[in-house]
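A, B and C are the chain letters, set down in written order, and residue numbers restart from 1 in every chain.
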Amino acid sequence: MVNKIFMLMTFIGVPLSVVGSLMHWSDIILFIIYCLTIVALASYMGRATESLAIVAGPRIGGLLNATFGNAVELIISIFSLKAGLVGIVLASLTGSVLGNLLLVAGLSFFIGGIKFKRQTFNVYDARHNSGLLMFAVIIAFVIPEVFSMNMNETKTLSLSIGISVILIILYLAALFFKLVTHRGVYQPSTAKVAHEEEEPEWGKRKAIAVLFIATLAVAYVSERLVHTFEYVGETLGWSELFIGVIIVAIVGNAAEHASAIVMAFKNKMDIAVEIAIGSTLQVAMFVLPVLVLVSLFFDTTMPLLFSWQELIAMVSSVLLMVVISNDGESNWFEGLTLLAAYLIMGIGFFLL
Amino acid sequence: MVNKIFMLMTFIGVPLSVVGSLMHWSDIILFIIYCLTIVALASYMGRATESLAIVAGPRIGGLLNATFGNAVELIISIFSLKAGLVGIVLASLTGSVLGNLLLVAGLSFFIGGIKFKRQTFNVYDARHNSGLLMFAVIIAFVIPEVFSMNMNETKTLSLSIGISVILIILYLAALFFKLVTHRGVYQPSTAKVAHEEEEPEWGKRKAIAVLFIATLAVAYVSERLVHTFEYVGETLGWSELFIGVIIVAIVGNAAEHASAIVMAFKNKMDIAVEIAIGSTLQVAMFVLPVLVLVSLFFDTTMPLLFSWQELIAMVSSVLLMVVISNDGESNWFEGLTLLAAYLIMGIGFFLL
Amino acid sequence: MVNKIFMLMTFIGVPLSVVGSLMHWSDIILFIIYCLTIVALASYMGRATESLAIVAGPRIGGLLNATFGNAVELIISIFSLKAGLVGIVLASLTGSVLGNLLLVAGLSFFIGGIKFKRQTFNVYDARHNSGLLMFAVIIAFVIPEVFSMNMNETKTLSLSIGISVILIILYLAALFFKLVTHRGVYQPSTAKVAHEEEEPEWGKRKAIAVLFIATLAVAYVSERLVHTFEYVGETLGWSELFIGVIIVAIVGNAAEHASAIVMAFKNKMDIAVEIAIGSTLQVAMFVLPVLVLVSLFFDTTMPLLFSWQELIAMVSSVLLMVVISNDGESNWFEGLTLLAAYLIMGIGFFLL
């Protein structure tokens, strides 16, 4: 029933988005069409992710979800870099980290926690992710910020390149660890049984195809939506930083949001956490360093240097998330805490 | 026997304090009278808290103990704010956070640990508290400090107001979580049995009445004691900051100190931790933001901006406490570590 | 068989090192001789530590290994202090902390993890160490850095002296805790059995004697090796800071490296962790504060003030290590993460 409504919304919304965009309809009308279309498309992504998770495990499902979502971000960022908009790229990546870590995870914990008193997820994965979050943000982002204070531009760029290469290698090593050498090693035996009994809605190929096409469509509509936001922002007096860190990040991660929340509501916290934190790690350890390296071929290079506000926002978010997620349990209050932290960041960037 | 001595001390000490204060006795004599009276009164508070904890659980007992203690602090701070003493209010609240987190908890762990080799407390409560400590100090206090570097005064105040409202809402939500939706959900079954068998010394009403009256009396005598300290401080060459952060905080939290240590000595670590960390959270998430909002009605407003020294002292204390308390166990050495941290802070603020 | 080769290498390498050094052979040849000799000597230290660990427990074994290793560092540093080289002493101690925490532990986890899928160590010891790491670095090193910003030199020195005394007392209290009041209290029963069945290679006295003599020999050869590095560094264009923090630290901790890795390869992670983190703590809580106090008798005093780069490198390393080690488990990927962090620090100090 709900699925049918979403199907209808999709097959009306996508063509309408294209037509409306080409014909330059009013931004308000376009805004509403885009949002409804994204929600409908996101429901497809959620179902595809769930099917994949049943067939291939929550890690693969979450990984594919995050990857398709971030691929879009990567492509958009490369165009921005080419145009020399280094500040905007760093802002939107910061927003992506904060959005996934605080907003996506926060909504998942909160909404899932309203339905279920206590929700659990794989505690070994949570600890593994904690280590990576600490490494990426507290080491790889903090060190260039502090060391570059006494460095010239050339050395700062060299340091950025070195760290970027290390981040990418460690990210690939983490995949190798999770999917090859330690696949299934840290699975709690009880959780496994429950999953295997389920019947996936779609087969592996169809699920990946749906995920791929829906992601493309979301990417197209999101990119359109961002343009309406820019006009809306101007009339509302929003700063570029606020639009970059908060608005673009929320819309750009619509896919992750929708899927993670749907999974949390079905008490499949392993997938929800994998989407939220996995997507954060992918942005921090893969998308960002790749962009640093790609920028070397453009006129304006992008060193791994955030503003102090962006850096401290990420550092404090990571510390909060590590403490909250490290026990492999969640409830509505933990979700609310993460959302409150996001709200504080949002107010901060709005006023900046 | 001991209780009779404390009763005697109370019924002699309180009238003597009033008389001596009115007749302007020598500060040295008053100092001794005040201190002994506070100790005697604190014993009543400890007994009342313990009775309440048996009747209504360690959380309610600890919460009421912290609330009565902090109510006094709130009232005194409002008068200071009215007089425009923003720096002193922030210093004494910093001192309250450091004092509860390092000194009260440190003494509880240390003294309890000398009697018992290993003491345990509810690990779920410890983690819940860790999340809140991180949120309050690492997010809500750090963000305005870093963001206000690039903000004017008006925007800084707006950010402070927004964060204060969020802190208060999250604090109330935490009470709702602990006392309503998740009451008893995270109770280890073993601990519960032991408590229920005990007979409370006083009934619920009498215990609250004793706690209330003893708190009022402690508040009165503490306030007097602070004045003797100011004179003593002048002759000893103590700075205002040191008096605010360390001396006032020690005396102003005498109630929490005494009760928590008594509980630790009786191996009732759940109550001791609830008093120490619960009181810290109440100051950080309720007393402080309420004062920020109240200050809007006065001539001098108080933004949520600590000095860097105050902020870093709180941040590092919270990180230490989270790591030490997160396993739900304590021993004398963990207590000594917290005390050593407090001593370092004390020396730092003394020399500043 | 392997032991015989190492024996041969030792009895050829040590005399050759002495002769070559006296006769001023080419630095390249000396460099090769020194390195091979250290590896051979380190194998003796590893065997002696292992024997001691079987006889007296992993803590004593690890403690003695760390103590002999750091004694050398202490002596060399005192000579540097006498020559007024405060910056170099702080740099080499920073390097020692980073080296033990990231490189020694990282190599142990990585190499041990390649052989064994999951390795475990005493989780109580890991948490105890986490608390001490936080105390030493996040409190005792951070507070003087932040507080001294508003202090004159005399007060900064007073604060350094106070903190140094507190560090030494807490370090001795930690030994008292581990070896006297809580000896064996936190031993998991399963691990104990496995150890007791083993036969030590050498008796207690012989093991200590071998450890002592081998440490002395390593110290002599390392000191020689450092001098070749200085020449090599000059021709390669290495900065003093890089040599101090990275090169000297690697060579100066050769003993810890070799022993810890050998133990990890034998799946004796308790000893490996005790060497790596125990040595870090000994440097931070004993060697460093003793040097601060000793410097008072020299012309140039050494306050407890690191450069911001050194401090942040240590703070972020400690946070990473606490999150990674707190579950009492390790695998190759956790080792790789620590090594990646060390590499980032290394590049940073190289470029500085």
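Convention: a residue touches a chain if its C-beta (ideal position, glycine included) is under 8 Å from a C-beta of that chain, and two chains touch if they have at least 3 such contacts.
Bear in mind the structure is a predicted one, so any value in this text is a computation, not a measurement.
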Angle of the C-alpha superposing rotation, chain A to chain C, to the nearest 5 degrees: 120
Self-contact between copies chain A and chain B, residue sets same or different by half: different
Chain A-chain B separation of Cα centroids, rounded to whole Å: 40
In chain C, residues with contacts to at least two other chains: 319
Contact footprint of chain A on chain B as seen in their complex: 127-128, 130-132, 134-135, 138-140, 142-144, 146-147, 149-151, 155, 158-159, 162-163, 166, 169-170, 173-174, 177, 181-182, 185, 319, 322, 326
Chain A partner contacts - residues on chain C that touch it in the complex: 117-118, 308-309, 312-313, 316-317, 319-320, 323-324, 327, 331-334, 336-337, 340-341, 343-345, 347-348, 351-352
